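Sharing a structure below in structure tokens format, with a few things to ask.
Every chain is named by a letter (A, B and C) in the order it is written, and numbering of its residues begins at 1.
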Amino acid sequence: MDRTSGTSRYTIIGKLDARATTAPEGLLIPSHSVVLRDKGVLLSSVPSIHRRRFLAGTAAVTAVVALSACGAKTDSASSSDKAAKIDVSGDTVKVGLLNSLSGTMAISEVTVRNSLMLAIDEINASGGVLGKKVKPISEDGASDWPTFAEKASKLIKEDAVAATFGCWTSASRKAVKPVFEKNKSLLFYPVQYEGLEESPYIFYTGATTNQQIIPGLDYLKSQGKKKLYLVGSDYVFPRTANKEIRAYAKANGMTILGEDYAPLGSTEFSTIANKVKASKADAVFNTLNGDSNVAFFKEYKSAGLTAKTMPVVSVSIAEEEVKSIGPQYLADQLTAWNYYQTTEGAANEKFVKAYKAKYGQDKPTSDPMEAAYTSVYLWKAMVEKAKSFDPEKVKAASDGITFDAPEGEVTVDGASQHLYKTARIGKIGSDGLIEEVWNSGKPIKPDPYLKGYDWASGLS
Amino acid sequence: MNLLKGRSARAAAGFAGAAALLFAVAPLLLSDFRLGLLAKYLCTAMVAVGICLAWGRGGLLTLGQGVFFGLGGYAMAMHLKIADAGPGNLPDFMQLYGTATELPWWWQPFANPLFALAATVLLPMAVAAILGSFIFRRRVKGAYFAILSQALAAAFAIWLIGQQATTGGTNGLTDIQGFFGYALDDPVNQRMVYFVIAAALLLLIALARQLVHSRYGELLVAVRDSEERVRFLGYNPANVKLVAYVVAAGMAGLAGALFVPAVGIISPAMIGIVPSIEFVIGAAVGGRASLVGAVLGAVGVAWAKTALSEEFPAAWTYFQGLLFIVALAFLPGGLASLVGLVRRRMASQATDSEETKPVVPVGEAA
Amino acid sequence: MTVILGQTFTGISIGAVLLLIALGLSLTFGQMNVINMAHGEFIMAGAYTTYVLQKSITGAGISLLVALPVAFLVSGALGALLEWLLIRRLYLRPLDTLLVTWGVSLMLQQLARDIFGAPNVQTRAPDWLTGNITLIGGDDPLTVANSRLFILGLAVAAVVALSLTLRLTPLGRRIRGVVQNRDLAEVSGISTERVDRTAFFLGSGLAGVAGVALTLVGPIGPTMGTNVIIDAFLVIVVGGIGQLKGTVIVAFVLGVLQSVLEYSTTVSVAKVLVLVAIVAFLQWRPQGLYTLRTRSLV
């Protein structure tokens, strides 16, 4: 920055300002208008002693504070044992609802929140839990993982909730997991996920892989489908699921012809549809999430692929998604879940009727919504068995709790804190509902680490 | 000279006041949880200091500060993850989702705490230097620069998400247990982290203040307002801009690094287009050209986001949108310009001056 | 061979979508230098217009065709309103419009969520748009989706209509005059204020048309606009601000580049590579493919 000319200084000044709405007028910074006019003088007069004093002062304060504050070291075993306080004074008990109400994930998570509210209303109408009414505290995770962590700690520390229900994506669950573990507070997570996790403070009421993906593969195998193509969104659930699918295929004489990932929220699928078509696979295993499914199935149909020529098994498309994609693109495609709106049983009839009465006749019910609804009732049963809201006692009481859920009877496996769930394969009808074509007959024991499957030994 | 003495005295008083507020008042008044949130806000304020320099002073609308924040954050988080895992072990997510049996080569240097600490600031600065020297030399500016930096933020976030086995993908690096040997779940240590962040912020403000009031600071403003004329005077505007861009990147990197122990997570969600715009908006609402304005604006907007979303979880984005619109469309200089406006009004009333133009042009006297 | 042909056509169809999305921006961004982040939400408004019309008009084909002009008007009106309320105050501060319209886009998204519900909604495509045409038969057929052909046709029609408007009509002459030299246009008696508003109406209206087209290939939901908006800005920046031909060429080039890279690598890598290619290109031509030559120094 060598200065070669000093003559036209005033020209600059003349030009300055045009849009100098940005003239600085802060407390510390005086306007630079003067400064420019008389560079040399001003510069020399900014006292350097003052500068040093600021810096030295700040540094000293930091040092003092840092020295005076010496908390627990990571290697010391006595990592302070502070369970979260739960506010049970008064005649209500608070629970947290942590879902994305804005951002890209709102499309799915709002429905989960609705069914959580339904369960809470029902419980309150029948007298509450341990004689206390349940008071929901709602927070918006905003589809942003650090926000989920912030809101989780707010619910635990500020609101002193007895338990929290919610989260959808694996990323949001991973973000809040340490928060719940450190504060020893409970989270009920209602969505099917990739397994490989058993947090002592999370109850997983959605399916783990051996209750959804493996039954889906078993079904394809029984139908004689030998060559698969894998399509998924680029995040942890599809990548982990596909790793397991590859291991399964290897052990069961199936071949994987290709594996493609699209960034979350991606809506351009013509190339992937071309690749799938060119592969001439027997079936497609689809782990796409949210918006991407809409674009994928529209493109799939445009490419001339149908359920007859190449069926797609989806594990993230429930009734709500069918409604937003349109049955015209999905007719006869397959899904793997534990619950459908059409699942038979009195408990489901009651659930569907109550949901539609509360939120509108055109609103469908789906697996994650059902798992969320069930999770509130399971928490109630655990609390009543433990006769306490204390998370440790609730956990201790959890093993063997059963509930006659809309999906059929579910049982809590205390060791893994997952549920015994019945796997169901469904076929999407032209009316937008999913009809069950196969089920596992009885609830399957949850196995998040796939320890019971020899072929899965090298996976984690 | 009197004026100058007054100014540095005011600055000293301001610093003392800010330090008292941050180190004494806030810790006394706020609960551990709220203090933790304040630590998070102060991190965005650090980014805002850099933005004030690059945008407010230099006219570079850096819509890609998320990249540098992310680089700093990941550099710190990588070291802390390695430290958590202990020698010889892989970080937890690599054991679960990775394919490698040993640490990838580009993770290994981060095992060294000094390297990692230096990298949190130097890595973003180096990246900014390389990018900036290309971009500014080719005279990419204004809207082009803004959209280009957005594209970079998007590309970096997509790349990170795609490398799940080594970067944690969408999840990012989560569940960070310790900070250089101190357990992060201990409230005393969380408080220590807060103090470190507060001190770092004051340090950055002091640094930025020196820059703004130096010869370089004046040149930067001149480049912002008339790049061509500065070039005719024999300066190279590309270099002037580059320095501001690189310094801002370093500040964002440090902010990212300190964000990690404060929040315990760094993920692509902090890097893409949306967070990058949010960084800028805080500074813009407060007053982009005023350091104090930018810092207070960043803290204020972050605080408003928390407060509004707690109060109105279903409708808070309306208020947030409205806040941006009102502050930016009707108060172009940000809230800081209100202070100036009031001061000028009072001055003009005192001297009974005719001149009541709402915004006094900087060079009006020339 | 079919693969190469197939991917080229896929690229062209991706390009057609990009072009439709970016076309409106080439007016608002190109003409007025306004970075309108709410442009994506005008696209969303067009898509929701299709959805609402389909509820009242049962025939999927007719409702789609009716939706084109209606969406143009709806989004255009929204755009003109935005211009009148906010943007005209910000013409001297192009970078501020970016942040202000970002706030507008947040609010419009939330509004869509409150009116239509958070989940995506569906529209039915008419039967004549869901099939495909076989270009090369045989064992490895090359097919082209009807919906993609329709979008390509729509994009071409929109470009032709826009360029004829700009070249032949008095309005077009005024717009070009203002783009080339605002002050001179003003002293020649053109009301730049009115030209600005009309151009904003046209540009936003084109976003509405793009929204109708997107219902054929993608989701219709509150966040659909944010998914595409950055790509559209990049097309304009690379093409050269204020240059229609630049926008057209770049949209197709980026589309083909994206599809070829996607086929040979993965979608994520392709996306990153395209962005890096754009940054590199701007090193070479910082003002975009075509530059508007003016005598202005800045």
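A few comments on the model shown:
In this text, a residue touches a chain if its C-beta (ideal position, glycine included) is under 8 Å from a C-beta of that chain, and two chains touch if they have at least 3 such contacts.
A quick note: this is a predicted structure, and the numbers were derived from the prediction, not measured.
Identification of common neighbours of chain A and chain C yields B.
Between B-C and A-B, more contacting C-beta pairs join the chains of A-B. For the pair chain B and chain C, the distance between C-alpha centroids works out to 32 Å. Chain centres here are Cα averages; for chain A and chain B they lie 28 Å apart.
Listed for chain C are residues 93, 109-110, 266, 268, 271, each touching two or more other chains. Shown for chain B are the residues in touch with two or more other chains, namely 158, 161-162, 317, 332.
Residues of chain A in contact with two or more other chains: 19, 21, 101-102, 234, 261, 263. Of all residues in chain A, those touching chain C in their complex are 19, 21, 101-104, 106-111, 234, 260-263, 265-268, 270-272, 274-275, 278, 291, 294-295, 298-299, 301-304, 320-321, 323-326, 328-329.
Residues 1, 4, 7-8, 10-12, 14-15, 19, 23, 31-33, 36-37, 40, 56, 84, 95-97, 158, 161-162, 164, 169-172, 174-178, 181-183, 185-192, 195-196, 199, 202-203, 205-206, 209-210, 212-219, 221-222, 225-226, 229-230, 232-236, 239-240, 263-265, 267, 269-270, 287-293, 306, 309-310, 313-314, 316-317, 332-333, 336-337, 339-340, 343, 359-366 of chain B are the ones that touch chain A when the two sit in their complex. Within the complex formed with chain A, the residues of chain C that make contact are 3, 6-7, 10, 13-14, 17, 92-93, 109-110, 113, 117-125, 130-132, 140, 143, 145-148, 216-224, 226-228, 258-259, 262-263, 266-268, 271. Taken together, the chain B residues at the contact with chain C in this complex read 61, 63, 134-135, 138-140, 142-144, 146-148, 150-152, 154-155, 158-159, 161-162, 227-228, 273, 277, 280-281, 284, 315, 317-318, 320-325, 328-330, 332. Taken in their complex, chain C has these residues touching chain B: 29, 33, 35, 86, 89-90, 93-96, 98-100, 102-107, 109-111, 114, 230, 233-234, 237, 241, 266, 268-269, 271-272, 275-276, 278-279, 282-283, 286-287, 297-298.
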